[in-house]
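Each of the two complexes below includes chain A, the first together with chain B, the second together with chain C.
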Partner chain A sequence: MDIIIIGMLLGGAYALMAMGLQLQYGVARIMNLANGEMLVAGSFAAFWIFTGYQYSPVLSIVIVAPLAFGANWLIYKIFMRPLVKRAKSEGQLEVDSILSTFGQSFILVGLMLALFGGEYFSYSYLEEPFEIMGEAYELNRIIAFLFSAVLCGSLYFWLNRTRLGLTFRAVSVNAEAAGLVGINVPRAAALAFGIGGAVTASGGALLSMFLTFDASVGVIFTMKALVIVIMGGVRDIRGTILIAFVLGLAETAVASLIDPGLTLAAAYFLFIIILLFRPEGLFGRRSV
Partner chain B sequence: MRRRYYGGRRRWEFVGMTRRELYGLLTGIIIFALASLLPLVNTGYGLSLGVTIAMYTVLSTSWALFSGPTHYISLATAAFFGLGMYVVGGGLEMYPFPILILIAAGVGAVLAGFIGIATLRLSGVYFVIFTLGLAELIRQLVTWGQTTLGTSSGLYVLTNIDEKMIYWQLLVLAAFVYLIGWWINRSKLGFALRIIGNDEKVAAHSGINTALVKVLLFMVSGSIAAVTGALLAPRWTYIEPTIAFSPMLSFLVVIMALIGGAHRLWGPVLGVVPFALVWDLITAKFPNQTALMLGIAFLLIVYAIPHGFIGLGEKYWAKYKVWRDRA
Partner chain C sequence: MNKFSFHKPLITGVAIAAMAVSISAVSAETIKIGASAPKTGPLAGGSTVSYWPNVKLWVEQVNARGGIKLKSGKAKIELIEYDDRTNPGEAIKNIQRLATQDKVDFILAPYGTGFNLATAPIFAKFNYPLITHTAITDKIDVLTKRYPNIFFTLGSTTAFSVSVVNILKKMRADGKIGSRVAMVNVADAFGIEMANAARPVFKKEGFEIVYDKSYPLGSPDLSPVIRGAKASKPDAFVAWSYPPDTFGLTAQAKVQGLNVKAYYTAVATAFPAFGGKFGKAAEGILGAGGINPDEAAMKKYFAAHRKVTGKTPDYWASGMVYATFQILEKAIEGVGTKDRKAVINYIKNNAFKTVMGPIKFKNQNNEKFWTVGQWQGGKFYGVSSTGRPGAKSINAKPKW
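Presenting the complex of A and B:
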C-alpha cells in the first residue's frame, strides 16, 4: 500500500516533466536532450528562492515558469530554428537536434556547476506527516502531487479546448498540412518549445520539494522523460500521463523491494518490453 | 602487376587494388610503423598519451564504421568497453588473456545484436535514447550483482602486461579496424550501408534487408569496443563500475569521430589526435569545466563543422580545384 501511494505521488511529478518533453517533441519536433537540465534548473531556482527569500517552492513556479518559457523560446529561436531550416530530411534534423541539445545540456551542467558547485542540495519544506488511510506520508509530496495534477489537468484542458491548443495539435499531426491551412508553424513550434520548457522547469520546482538533487543529475531525468514519452506514444498526452504513473510505481516498487540502486534499470526494463512488443507506444498508432 | 581495361580507360592494379588504394595502404603502413616506435623513444608521459590516443582512435573509428554511413548516433561505447573490461577482470583467474579477448569480442557482439534487434528496426531516436542509458543500466546491474553476491564492488586485474604491450596491442587492433573498414567499404555490405544512410526507404525498396545490415554493422562496432576495453583492463590494476562504465567515454568518442569526420574511414583519427591533446590539457588545468567544454565541442560540431575536419578539407580542395582549372 505504501508503495502504491508513494509511487503515485512520484508519478504525478514525472507526468509534468514528461509532458514538457512531449510538447517539445510532439509539436516542435525537437528531441530535447537538455530537458533534464531544464528541470534541474527549475529545482535550483526553487531552492534559491526558498532559502534566500523564504517564498514557498509552490509560489516560485510563478517566477520559474515565465523565465523558463523565455529561455526555451530563445533557445529555439537561436539554436533550433537554423537546424530546422537547413535540414533536408527529418532524419538529418533528428541527428542535428540530438547533437545540439546534447551540447546545450552539457553547457547547462557546466554553468550550474560553476554557479552552485558539485554538492547535493535539498531543503526541508513542509516535512510534516499527513495521514492517508492510517499511514503517514510527507506533506510536501502530497502538495507537489496536487499541484502537478492541477497543472497537468489544465494543460490537457487547454490543449483540447482552446484555439492555440488546437493549433498545437494540428502542427503535431502534420506540420506541412497545418502550414497549408494558414497556421504559422515556426511560431507555433517556438511557442510549444517554450511552453514545454516552462512545464518541465515547474516539474523541477515541485520535485525539489522532496528529492535531493545536484548539478549533474539532469541526464537521469532526461532519460526517464524520454522513456515515458516513447512508451506512452509520441503525440499522445493520455499515454504520457499513464506511463508516468506506471514508472513512478515501478521505480518505487523496485527501490523498496529489491535495491534503490536499480531504479533506472527498472525504467529500462519496461522500455525494452515496450520496444519489443509495441514499438509505437501504448497509445501510439502504428505507422505504415 | 597486370593491366586491365575498364570501359576503355586503361588502369593498372596490384592484387585487385587501384593505384590510389595502393598508395593509401603504403602511407598507412608507414604511419603505423612510425607509431609503433613510440615506446622506444618515450616510456613515461608520452607513452601514456599514446595509449590514450590509440584507444580513442580504435573506438571512434569503429564507432564511425557504423554511425558514419547510417547516421545513427550510438552512445553505447562505454557499455561495450566496460563489459570487455569486466570480462578480463572476472575471468583472469580461469582463462589465459588471449581467450578472454575472444570472449570479450563475443560478448560485445551478442549485446550489440540484442540492442540492434530491439531498437534498430525503429527510428534513430529510439536507438539514441536506448544507448544513452545502456552504460548506466549495465553499471547499475553490475554494482547490484557484485554487492548481492557479497564480493567487493571492484575487481583486481593483476597481470604482467605493461603499458608498452597495451600500446602495441592497440596498434594491432587499430590496423585490424582499418582493414575491416576498408573491406566493408568495398563489399556489398558497405554499399548497402551507404544506400541506407542516404535514404532508408530507397534501400528497403531495392531489396536490402536494412535491419539485418544495421544490426550486423553494429555488432562489428560493439565487438571492437569490447575488445578495446579488454585490452585496456590491465592498465588499471583495480577496476570499478564507475571507471569501466564512465558515460563520458561514449560522449568523447562521438565528439572525436564527428570532429574528424565520420564519413571517411581515416576521418576520426584526425579528430582524435587534436582533441585528445586538448582534452588532456583541459582535464589537467580546469577539471571543473569539462562539462562546459564538451558542450561547446558539441555545438561546434553542429553549427561550425558539420562534416568534420575532413568535410572542411574536401570543401576547400574542391574550391582549389575549380580555381586551378580556371587558371
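Presenting the complex of A and C:
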C-alpha cells in the first residue's frame, strides 16, 4: 500500500516536470531543452519569496505563474517565431528549436548563476510527517501531489471542454489545416508555449519544497520530462500524465521490492519497451 | 561629416589606455595564478561553497598585503579563472591553456577527486605543483610515486570509512548502540568506493549490516531507501552520500522518524546550508570531515571569509582549500622566485602553518586530517581525526 502512495506522490512530481513540456512540444512544436531551467527558475523564485518574505512556496505560484507565462510568451515571440516562419518542414523546426533552446538553457543557467550563485539551495517548509493509514509521508510532497492532480485535471478538462482547448488540440493535430479553418495558429502556439512555461515554473516552485536544487541542475529535469513526453505520445496530454504516474509507481516498486539502485534502469527499460512496440508513444497516432 | 572627428578622440583614448597599462606593468611585478574548477554542472554546488570563495578571499588578502614577497619585491596576484563545467575533458583543456597560452606561474588545484586525478599528468608535464585539497583516494602511494609534483591533504578513502566504523565501535563499547548497521551509498565512484571499503571492516568488527543498498545519483525520491532502512531496525545508519541526497535522505529520515543513536551522512553534512535547513534537527548528526571551529586561527578565517565573500565557509573542505593556498604562498615566498621546481622541493621539505593547523608532508602526503564531524549546538565539530588535536567527544543522536 505504501508503495502505491509513494509512487503516486512521485508520479505527481513527474507530472509537474513534464506537462509544461508536453504543451510546448505538442501544440507549439518547440522541443524545449530549456524546460528544466525554467523549472529551476520557478524553484529559485519560490526559494527567494519564502526565505526573503516568508510567503509560502505554494502561494508563490500566484506570482511565478504569470511571470513565467509572460517570459515564455516573449521567448516564443522573439526567439521561436522566426524559426517557425522560416522552417520548411516540421523536422527542420524541430532541429532548429532544439539548437535554439539548447542555447537558451545555457543563458538561463548563466543568469541564475549570476543572480543566486552556484551553491545548493534547500529549505524546510511543511517538512512534517503526515499519516495515511499509519504510515508517515512528507506533508509538502502531498501538497505538491494535490496541486499536480488539480493541474492535470484542469488542463485535461480545459483542453477537452473549452473552445481555446479545442483550438490547441486542432493545432496539435495539424497546424496547417487548423490555419485553413480560421484558427490563428501563431497566436495559439505562443499561448501554448507561454502556458507550458507557466506550468513548468509553477511545478518548480512546488518541487523546491522537497528537492535540493542548484543553478545547473535543470538538465536532469529536462531529461526526465523528455522521456515522459516521448513515452506518453507527444500530441496528447493524457499520455504524459499517465506515464508520469506509471513511472513513479514503477520506480517506487522497484526501489522498495528489488533494489533502489535499479530505479533508473527500470525507467529506461520501460522507455525502451515503449519505443520498441509503440514508437509513437502510448497515446500517439501512427503516422500514415 | 568626416570620419576623423569621430576617430581621433578614440585613438587618443586607446593610446592613453595602452600607456597606462604599460606603466603599471613596469612599476610592479605580478604573479599569474590560474584556477579551473566547476562553476556550472553537477559539482558546481560544492565548488561554489568550498572552492571559489576561498580563491577570492586568498587573492584579495594577498593583494591587500601588497602581494607575494619575492626576492625582487612584492608581486601582486593576477588571477585567471576558468569554468570546467564539471567535465574532466574541459578541465584538462583549461589546465593546458593556463600552462601554454596564459603562461601562468602557478595553478591552484582543481576541485574534486576525479578532476585532480584527470589533470595530474598535465600538472606533472609542465612541472606545476599540484597541492590537492578536495581529493580523497586510496591510491595516494601510487600517485605520489608517479608524480613528483602532487601533494595530498584531505585523506584516504579507507581512513574515512575506517574512522566511521571506529566511532560506531566506540559507541557500542559505551553501550549506546547495538551491532545492527544500515548502510546505503550513492551509485557513483565515491559512494561505491566508500561502501566497498567499509563493508569488510564492519564485518571484521562484528557489526551486522542489516540493510545494504545503493541508489542512483540524482534520485528524486529517497523515501523507499529510508523506509527499507527503517524496516531493518538498525542501531546505526550510515550513508555514503553526495550533496543532494545528503539533504534528501536526512529530510526523509526526519519525516519517517528513523531514530538511531548514530546517524551518518557523508559529503555536504558539513555545509552551512545543512545546518541552515535542518536547524535543531541537525543536532547529533555525524558527517564526513570536520574542523575545530573554536580555534583562534579558524575563527579568524571564518570571519574574514564572511566579510570578503558574504558566505559562511563549510566545516571541512573550505578550510583545507584555503590551507593549500597558504602553503603555496609560503612556499613561493620561501623560495623567493617563481621557480616551480624549487617551490615543489620547498613544499616537500618544510612544515607549514595553516588554518587547519601545522601541515608537514610525508612522502607528499598530509597524514593528519579530520575524518568525522558532528553537529553540536549549531556548529560542526571534528570528532575523529588521524592526529589533529581538539576532537570533541561524540554524543548519541537525540530523537528527531
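Please note the rule applied: the second predicted complex is superposed on the first by the 268 of 288 C-alpha atoms of A that agree within 3 Å, B and C clash if a C-alpha of one lies under 4 Å from a C-alpha of the other, contacts with A are read in each partner's own complex, and residues count from 1 in each chain.
In this text, a residue touches a chain if its C-beta (ideal position, glycine included) is under 8 Å from a C-beta of that chain, and two chains touch if they have at least 3 such contacts.
Computed from a predicted model, the values in this text were never measured in an experiment.
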Contacts of A:S124 with chain B and chain C, given as first, second, both or neither: second
Which superposed partner A:L264 touches (first chain B, second chain C, both, neither): both
Touched partner set for A:V27, first chain B, second chain C, both or neither: neither
Contacts of A:V109 with chain B and chain C, given as first, second, both or neither: both
Touching partner for A:A255 - first (chain B), second (chain C), both, neither: second
Partner chain(s) touched by A:L9 [first = chain B, second = chain C, both, neither]: second
Partner chain(s) touched by A:S216 [first = chain B, second = chain C, both, neither]: both
First (chain B), second (chain C), both or neither touched by A:A178: neither
Overlap of the chain B and chain C footprints on chain A, listed as residue numbers: 109-110, 113, 118, 216, 220, 259, 261, 264
Chain A residues touching chain C - in the complex, by the definition given at the top: 2-3, 6, 9-10, 13-14, 109-110, 113, 117-124, 127-129, 136-138, 210-212, 214-217, 220, 224, 251-252, 255-256, 259-261, 263-264
Touching residues (chain side chain A, partner chain B) in the complex: 31, 33, 79, 82-83, 91-92, 94-96, 98-100, 102-111, 113-114, 118, 216, 219-220, 223, 226-227, 230, 258-259, 261-262, 264-265, 267-268, 271-272, 275-276, 279
Interfacial residue positions of chain B with respect to chain A in the complex: 71, 73, 118-119, 121-126, 128-130, 132-134, 136-137, 140-141, 143-144, 147-148, 200, 247, 251, 258, 288-299, 301-303, 306
Of chain C, residues touching chain A in the complex: 38-42, 44-49, 52, 86, 184, 187, 213-216, 218-225, 227-228, 243-244, 247-248, 251-252, 254-257, 268, 271, 273, 277-279, 311
